[in-house]
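You will see chain A twice below: alongside chain B first, and alongside chain C after that.
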Partner chain A sequence: MTQVVVGQILNGIILGSLYGIIALGVTMTFGITGIVNFALGQFMMIGAYATWYFTDLAMFPFPVAVALAVVISAVAGLVADQALFRFTRNNLVNGLLVSIGLISVTESVALLLFTTTPKNMDTVIAGSWTLGAITLPRMKVVAFLMLAAVIGLTWLGLSRAWLGRATRAYAQNPEAAMLMGVPTKLLQTGVVVYSCAIAGFGGALYACLFSLEPTLGGLFILKGVESAILAGVGNLLGALAGGVILGVTESVGSLYLPSAFRDAYGLVFLVAILLFRPAGLFGGQK
Partner chain B sequence: MKSLFRGSFAAALLAAAVPGVAGAQTATVKIGQIEAQTGPNAIYGYMSSQGVPIAVDEINKAGGFKVGDTTYKLELMALDTRGDPKEATIQLKKLLEQDKVKFVFGPFLSNVFVTVFPYAKQFNGKFLMMGGGTRIHEFVGQPGNEFVIRTWNWDAGPKGFGEKMVDYLVKTANPKKVAMLFQNDSGGKILGDIYEPIFKARGIETMTEYFEPGTKDFSPVLAKIAGFKPDYLFPGYSDAALYDIVRQSVEGNYSKKFFLVRGSTGPGLKNKDGLEDYIVYVPKDFEEAEKKEPKVKHFIDAYKAFYKRDFPYDQAPLCSSSCYDHVYMLVEAMKKAGTVDDVEKIRKTLLSMTYQGMWKISFDERSEQIFNFDIVHLRKGGTKEVVHVEP
Partner chain C sequence: MKALWFLIPLYLLPLVVKSDTMLTVLIFTFLLSILAVGFNIVFGGAGQLTMFHAAAFGIGSYATFLSMLHFGLPFWLGYLVAVVVVVLVSIVIGWICFKFRLKEFYFAVVTMAFAELCRLIALNWTSVTNGTLGMLVLEKPTLWLPRSGIVKIEQTAAWYFLTLVSLTVVLAFSALLMRSWIGRNFSAIRLNEDLAQTLGIDTFRYKLLAFTISNVIASFAGALYGFYTGFIEPSYLSVTQSLDAIAMVLLGGVSTILGPVVGSMVLTSLPHLIELPAELRVAVYGMILILVILLMPRGIVGLAAGLLKRRAHAS
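Moving on to the complex of A and B:
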């Protein structure tokens, strides 16, 4: 049984990194534009379908398909930002309404293009690693490493590069950042586009692990927001940790408790944490 | 006065000269449809909502159908419930009260049916509801529920496809333990209720687990099931979940033998190299039937021409419920009954008929459909055996 539990902890960590990348996008977008972009899950869906299309139908090599998926998600994010989100900056309610509308539109378009038949991408990395009773599919492990690398590089960029420091400065004090010459409009657009690009990257890896349906974005944005709140909105590395904690809670919880209520275990844990730390696990006390 | 006379004379001449203008009339019969065309559970309503418009289009393009002296064309009012029972209730209310529709196709989803049922029951005798939902079985054939017709085979009983599926499983594999994994909703729960006694009657030990709708990562529940050491995993109930269950079960080495009564061959074919056995109930194996059955080939060609896209072979079997054949069957019933308005007369005619379309369709004494089906047996590497069953 111990090995089964260890196996599920590892599985939860891997799944949680997918939640984490969406949480990273949520926390960055909220910090810079003041809106919770619930449509981020849709950019993940776009990335997932693009990867499936370029890999299985256009027969491109997987790395090329992932790169194209990220570019398409970023361009879709840029279009959405310029056409919609730039009019909702720092207006939580308007941003929320626009993102909900965008979810409806993108889901309908995906349904029209791909129908409800689940798309199952051909295996990219076959086989599993087995250690005792623990079996982990190789693709899952590779996906985790890639997601962790992107989150780590994002953190490095934000903490070391000038643009990253400018982004954090703007998130802390917009007026002061503007006075110091930070190009705010460009920065806001850049963060929205980057968030969409990494959501698309998450979607590309999702496509290697799970079947695709037009509604996949809705589930993951909820997990992403949960992870961001659990970690404390604004904490970038915390976003990954929040996702991992949520993933492990769900996986291990389903082993001992009825799996029919899997989503509830993460939510119960979130509520319990917020009761004691209202700013989240890694958020500052206010 | 003179000019009026001239006008009437001209009209009379025209009526005599042009056949059809004088005696025949053209009218419309409205058909309503409430199915989930979009949303997470659309996989069930999707194919039904795709097949009905093709039949309506074909009938109308052929000039309609004649009952008495009147030629009727069909008007389809297909509404997308998105799988939302509240939305479906509003739509049904619109169809029955505003549009005065007497024939409603759907719903395929049990939770939608259970919600709309109390409202729909008020119109018993005034309309027919032809749906495939599993839970319709509990209501169909009961006094006061004559308006309900179930357009799907029932699992249990002497003609039940589930009994025949389990018999096939016992005959070919003789399993001692079967683990069932269903979605935690109305449709999933009833599957557990149906199949536990069927397996028990054949001395097969079972374990039942439920998963949350929308689940993508099944590893934890599969790990839990693996502890039971089942000979076969019996997952359900739509491809949306089955693709992931089969793949993760094979990749994670949890179980490589599958038995299914809901879903398609798609998940098995996708994982054909990793699995050992995949036995699935399919109303019709369209790939094979296309080569042998002209009506199936016609439908596939009509689908491609109508929607200008590829034919969804994996979802097409769901056309066996409230779909293409049923439009033709309903029209036949109206013609035989000699009325498009007398719902009771049409119902009796419909239930006494045997219609030979893509399926051979008839109804039992409970107003529940009986139709021929296929058992598709995939083995490692994708070797496929199709067994035709005539209940």
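Moving on to the complex of A and C:
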């Protein structure tokens, strides 16, 4: 039994860190541009398909494929930002609708290119480690560590470097930050592109673990937004924690309660958090 | 009420257009317009960004059909049962959200969570709802008409007029509501909630009222939709369905009477009138959405009204 529970917790953690990387993008974009980029899941989809294409069809080594996938997601993000999101800054509803339009377009393009047949990538890192009675698939551990590293480095960068101070100054008071010489337009574009790039990175790791379908983005953006709110919007390290909590709640919840309702456990948890701790689990009391 | 004159050409249309395909597309347009009009009351009226209307839409169709199936009620009485269910659900959810003062993004997320819970119930309560497979609806609504007695609504033309009349009634109701003191209190809440409260408006009660009315209208659209397509499935309650209605309202023009109808025309009819394979149709839908939001931020009706006003000033 413990084996099953631990296995589910591990599954929850790895799924949760994927939610967390999307949550990080959601949190950053919301703080700086005032919109929730609902199309972030699509950049994850783009990253996942790019990784699959470059490793399985173009036969590139895996690290090169991941790097290419991240670059492609970042470029796609830059195009989307300059063509679309630039015009919806600080307008939540319009940003939402433009994202939905973008989701429709990218999803149908993916359907045309890759069809609905799920794609399974060849195993990148095979085997597993054994710790007593528990087996840990190596790929899952590596993926978790890489996602946690990206989130940690982002937090470090934003809390230590000049860029981070500028970003936080902007989030607190845009006009004052502009007067202090923060290039706000560049900052906004940069945040959107960066969030798309890390979503693409998440997609690359997703491709190693699960099978790919054109609709995968929709699920992850909902979970990502949930995780971001769970942690408290604006909390970067919390994004990872929120994602992991959500993933573990779902995986463990579906062991003891009917698994058909696995999506519901996270939602009930989220509603409870929002009602009793509106600033999120790790947010200060407002 | 002047806005209703725009519906007159639609009443005359079946005299000219005999193609069933065209009428079918318009029937879907009218049904989704009703859903969008409902959303416009709570968002365009009281400024609350709800994501629950698709759930109300789905509950409308499920509750109507299930009460017909189990209690042998006729369509309209079955719908009455659905109204009771939707009102109760709306009051519970609205009470939770508004008591805890959830606003904007947070209100949207919590109502979306509740809507997802409703969808999961419809999906997994297989003994009652038949799960993913959905339910076939063979019954049709009946109507009593002065000269012909009781008629079953079956033919495309009959559905066309039923849905169009329903839309007209809902639009007239929404126009009257928005002009009444209730509608003015909604606007006050939308424009500045704190100020509205200071002026003695019971904002909690009015937000709850707007939320409930909008869900009842959405459930009406859902009941008709299920019986028109002859099929009810859990995807009626999906987030996508909610977002579609939001897109229609924004596209047509928020807080305008005719906006939801115009938006539904553009987003439902236009992709179908252009001959395209299904995948490209979704892409066209997305493209229309992006272009209109970026080029006409106040919506089509808002832009038209602005142009008319400018012309009036110039002359």
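Note that the second predicted complex is superposed on the first by the 282 of 286 C-alpha atoms of A that agree within 3 Å, B and C clash if a C-alpha of one lies under 4 Å from a C-alpha of the other, contacts with A are read in each partner's own complex, and residues count from 1 in each chain.
Quick note on the criterion: a contact is a pair of C-beta atoms (placed from the backbone, for glycine too) under 8 Å apart; a residue touches a chain by one contact, two chains touch by 3 or more.
Nothing here was measured: the structure is a model prediction, and the numbers come from that model.
The superposition on chain A brings chain B into a clash with chain C. Of the two partner chains placed by superposition, chain B and chain C are both touched by A:Leu111. By the touch criterion stated above, A:Leu267 is placed in contact with chain C alone, chain B being left untouched.
When the two structures are aligned on the shared chain, A:Leu219 is found in touch with chain B, with no touch to chain C. Judged by the touch definition given at the top, the superposed model places A:Leu84 against chain C, while chain B stays out of reach. By the touch criterion defined above, A:Pro258 reaches both chain B and chain C. When both complexes are overlaid on chain A, the residue A:Leu102 reaches chain C alone and has no touch with chain B. Contacts of A:Thr184 after superposition: neither chain B nor chain C is touched. With the complexes overlaid on chain A C-alpha atoms, the stretch of chain B that clashes with chain C is 114-122, out of 114-122, 132-140 or 168-176. Shared interface residues of chain A (contacting chain B in one complex, chain C in the other): 107-108, 111, 258, 260-261, 263. Listing the residues of chain A that touch chain B in their complex gives 4, 7-8, 11, 15, 107-108, 111, 115-118, 120, 128, 130, 135, 137, 210-211, 213-216, 219, 250-252, 254-255, 258-263. Interface residues of chain C facing chain A in the complex, by the touch rule stated above, are 49, 96, 100, 102, 104-106, 109-110, 113-114, 116-117, 120, 123-124, 239, 243, 246-247, 250, 279-280, 282-283, 285-290, 293-294, 297. Touching chain A in their complex are the following residues of chain B: 38-40, 42-43, 46, 184, 209-212, 214-217, 219-221, 223-224, 227, 239-240, 243-244, 247-248, 251-253, 266-267, 270, 312, 314-315. Listing the residues of chain A that touch chain C in their complex gives 36, 84, 87-88, 91-94, 96-98, 100-105, 107-109, 111-112, 222, 225-226, 229, 258, 260-261, 263-264, 267-268, 270-271, 274-275, 278.
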